[in-house]
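As structure tokens, here come the structures.
Here come two complexes built around subunit A, the first alongside subunit B, the second alongside subunit C.
Our next item is the complex of A and B:
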């Protein structure tokens, strides 16, 4: 490296560290605060970052266990945190599965098969991605309430309605998988075709097993996306026992019913796994994509 | 699998699915959901054609994914535009057929004596014992199972002289079986029809309206006539009084004229639009400048602990945004929030973050910068890596410092490929419903508006509130506003595509 080193270098390094440390502190302050708040007794108590007395009441609340109040009364938590988490996991698993199934075949057609207006279709997919779902909420609500008249099981306030509503947002997934397929040399499938395999067999038996890592990445991305999705879930789900965590969480912070400490515990409980998976998947995604490129 | 079986298996499955689909579609059509039935029929036709025709082989791979995208992404957008031309709202929720149906099922209490009723057991079934409230004459109906049902059940009553037997249905059971009991019509020996009007009472009831051949409804109580008005979407009496429930009708451009000419709507719309643009632009500016500075620092070879810094600074991006936004909502709380505790302790300040418009907007920008800078940081780090090192070597020979390097080399080289992402980020924040909805909910509100509108509302949250929160679920109006926003987003998308093309041309 040929960066000129002069006397001011040490000061600059010092300044950079100071700046980065302050910024890291700003980033981490809310997170540490939440941990501290979840361990403090009471929902309104103020205090320092390191709590003076530790209480596990908020964690008991988040886990759905009965809580003994200061006056000795035992109360059952009124917000079903674990049920909401389960709903989130259920919807996310289903919609991630659907997303992988739908996008992996479509990506194959885009990467390998020839058809008219392929380029236009790809541009269309990209354009579609630019228009946010948020703008079509009225129509989505109306469509699912209409479907609900005929089939209540997939109408408004059902988990299937969410899975269906999410199933259309696969443009990005198609792009990712298509990129991966294109990094695999077509000669491998051609060899299979020469041996008498149909295009479907070449896809199913040859290409797909090689694409497993990228399918896992897409699955995780779709899973995290569905767990974090708020707008569509907030209009399609109504009853308390159907809500996903993303919709239910705001009920902790209503002015009339302010459960700050309980929220902190629930937030860690639901946020931590997703964040860890996200950080891991992020690394894996980069390595998954490059390992695909190396094969070619 | 034997070859012959294999050859016929696929067509057989498709045939079975096709027939099952047709059956379901017929059911849906019979329920009056003709649009849904049409969409399903089109989907089914595509399905059968694609999976039976060899020519359509490629589409067998595309159909599931593209079909889902068309039905659940493209169709809702087109349907939004369609709803924008109707009066669809909580007052005009039903379609014409259902609204008429609703009115035709209305009943009123007709003249005639009322009967005290008891439900008495008979084997596994039940009989209704009716006693004329005036004369005391008693009647007993045939046996009925009282299973939950949607249909009306007609029973014949005959005079009886036996007193009320033991085991008459308790109040609790009566309430539980109310739905089945309400569907009973008892024909008295005199020929009058009576229905349940109270838990222990049957009385003559008649349908409120009769439909006339010309589509108008005659009120059986006072013989007035209701006519459907397809301009307003209501059944109306002769002097124009509207009868609930209304039904959906096309009202042309009325929603749009309302947005752009009605002062109580136009003014908040303009102000919200302005704030939406300012919010998106400032969000992009803050996130990008912070992200880029950090990327430069973290690409600096002489700096240690880069991995640790990177991981910590990346955290806000990894945490689900609905959680971090709500965490900030609690931290910014005026009275108990930790941020005000710190500010009060250090400077004696306690800003009213949620009730002062300027502070609320500032808070939104602070939180959005916290959420958004890691993405820009990661992207910029990737772009900086691609800058060839000899540029910096040359500038070092020329004696340039780090500031010159940044403004003369790094920034010009990074900003070009970054432009499409900046526009995408602008478009994202333009519709950042989650942040505003969860943090401020659009509050504090403007005064003097016909529809609640907030000083921190973005166009997207404004529509969300019109459609799904306060103010009577004006779906039609909300869809019209959404359509206007669609056009704005389309304009941004066009700019983005051009910018992408330019930055790609640069590379190639």
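Our next item is the complex of A and C:
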């Protein structure tokens, strides 16, 4: 850091910091607000950021523990929040795994193999993914209800139907991974081929280990996408014990009575799996895995 | 151990034909160098041997077996890439063991083979490192090590030294020659550097625009180039070419006239060509004699630039009528400097003549 700096630079740095601090505050405010609401007695969305008194009732409710009302009556929570959370984690893990499996192989084909209409296929994938899912809801529902007649395990109101539906949305992942593959010199796989590897071994033992960071990114994106997804989940899942968190949380909001406090506690809970997966995935998102292959 | 044969090998990418019918026999244990300008198809030919490119027509045999339809992994070859192409996620030892592991060798066998190769290449202390912790020269050694552990029938080298600095390149060149002497395996080496070709090869294959121009031992190519392309490509600085016309042809030599009227005699068989036929006179820079005073059969010219390299002086000469620039390689004590006047003498036994079709006329020495 030996670059000579102009004096006005100090003011610019100060201004930049001030701007960033304000920006951070704006970003963090909603999160703090949700935490505050979940700790506040009663179900009010408005109010000050720092609660006047703290109540853990909403958290007890979210965690499925009995709540004692102000009149001394003990009520059992009627909504299975933890089960929804588990459903979300299950569906998200499965669909992210399927997405990674499908998109790594598809991206390999697009990046390395020669076949007719490659460009058209790639563009087509992208175009189709650009239409909002909502447009296809009717179709998705009728497809899965039809499948359900033959195979109830993957019909409407099953988690597998959701996993299957999410696995269709991998066009973007294919593009991301394809871009990464193309940054890896093909000679490395050619070297493996000459070393005696079959195309599958060259892919599995040489290319994939180098692509690990991007696979983690794609897994994470797919996981977050599945946890947050609402439209498809809301039409494919019906019974209360099958709902995912995103769909189930809607039930806190009765037409006449919005349970903001319980909703806030559940919302924070639903952020947990994403955070855990992110922390786990981060260990593998190391840069520079491909350095050293070439002359450098 | 294996020999190699090409029969009428052609390779096209789409409509563009890159190799136009290659016929060549490579003997078992031979060190063959493919040399040619960039884009001539030499690397493509090597990739065809490896099986990394399908050939369009013709036949390739390795060790007497037709391999056209055999995948790279089953051809009994090993290849060293220009970019090294090491596996970055594996240690040096794992890089070298990869091929053997795929072939299902036992752990002790693999360990022994890797250790032996590491000893040959003096990379034992590096075995536990990853490629990114190695220097360019070390990576190159690992790439070669990865090739030799598999004991292939044929080694393929694709410009392996072009990414190294000058000093290291000379050192690795010597080691490659040493390696070939020790292993005695057939080696096919691609380069655009004619010095590597001259020093390493048992035989050189000069390729230009997808065709073989000449095949032969390095000194044969140097002394008796088959045509103007080979004459210009082999040797550094390159051979001087001067346009001339035939004056007379005898049993022992031929006389030609340069554009400025100078008569030059060459020990070349030009009989059968008509008097006045336009020819090209070729002479190597180290064979041209610069003289201070003009005599009979010398051409007068001016030194454009004199480059002193310490052990030699390159005189770049302009001024022969109707000719391009000429280079003379002179000893360091030469009196000529930039802008000196110089008289050039063409010794008859060092002159080459090329016909109107650029083919060399037979030399009579």
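Basically, the second predicted complex is superposed on the first by the 233 of 296 C-alpha atoms of A that agree within 3 Å, B and C clash if a C-alpha of one lies under 4 Å from a C-alpha of the other, contacts with A are read in each partner's own complex, and residues count from 1 in each chain.
Quick note on the criterion: a contact is a pair of C-beta atoms (placed from the backbone, for glycine too) under 8 Å apart; a residue touches a chain by one contact, two chains touch by 3 or more.
All of these numbers come straight from a predicted model, not from anything done at the bench.
Contact with subunit B, but none with subunit C, is seen for A:28 once the two complexes are overlaid on the shared chain. Once the two complexes are laid over each other on the shared chain, residue contacts for A:192 go to subunit C alone; subunit B is not touched. When the shared chain is aligned, subunit B comes close enough to touch A:131, but subunit C does not.
The larger set of touched subunit A residues comes from B, when the choice is between subunit B and subunit C. When the shared chain is aligned, no partner comes close enough to touch A:68: not subunit B, not subunit C. Look at A:201: by the touch rule set out above, it reaches subunit C but stays clear of subunit B. Once chain A of one complex is fitted onto chain A of the other, the partner contacts of A:209 are limited to subunit C, with no touch recorded for subunit B. By the touch rule above, subunit C contacts subunit A in their complex via residues 50-52, 71-74, 77-79, 81-89, 98-99, 102-103, 130-134, 136, 139, 146, 150, 163. Contact residues of subunit A toward subunit C in the complex are 185, 187-188, 190-198, 201, 205-206, 209-210, 288-296.
Considering their complex, residues 1-5, 9, 12-13, 16-17, 19-20, 23-24, 26-28, 30-31, 33-34, 37, 44, 46, 98, 101-103, 105-106, 108-110, 113-115, 121, 125, 127-128, 130-143, 146-147, 149-150, 164-171, 174, 199, 203, 224, 227-228, 230-231, 234-235, 245-246, 249-250, 252-253, 258, 260, 263-264, 267, 270-271, 274-275, 278-279, 282 of subunit A touch subunit B. Touching subunit A in their complex are the following residues of subunit B: 27-28, 31, 33, 35-36, 57-59, 61-62, 64-66, 68-77, 79-80, 82-83, 88, 294, 297, 300-303, 305, 309, 311-316, 318-324, 326-331, 333, 336, 338, 341, 370, 389, 392-393, 396, 399, 402, 424, 427-428, 431, 433-434, 437-438, 460, 463-464, 467-468, 475, 478-479, 482, 485-486, 489-490, 492-493, 496.
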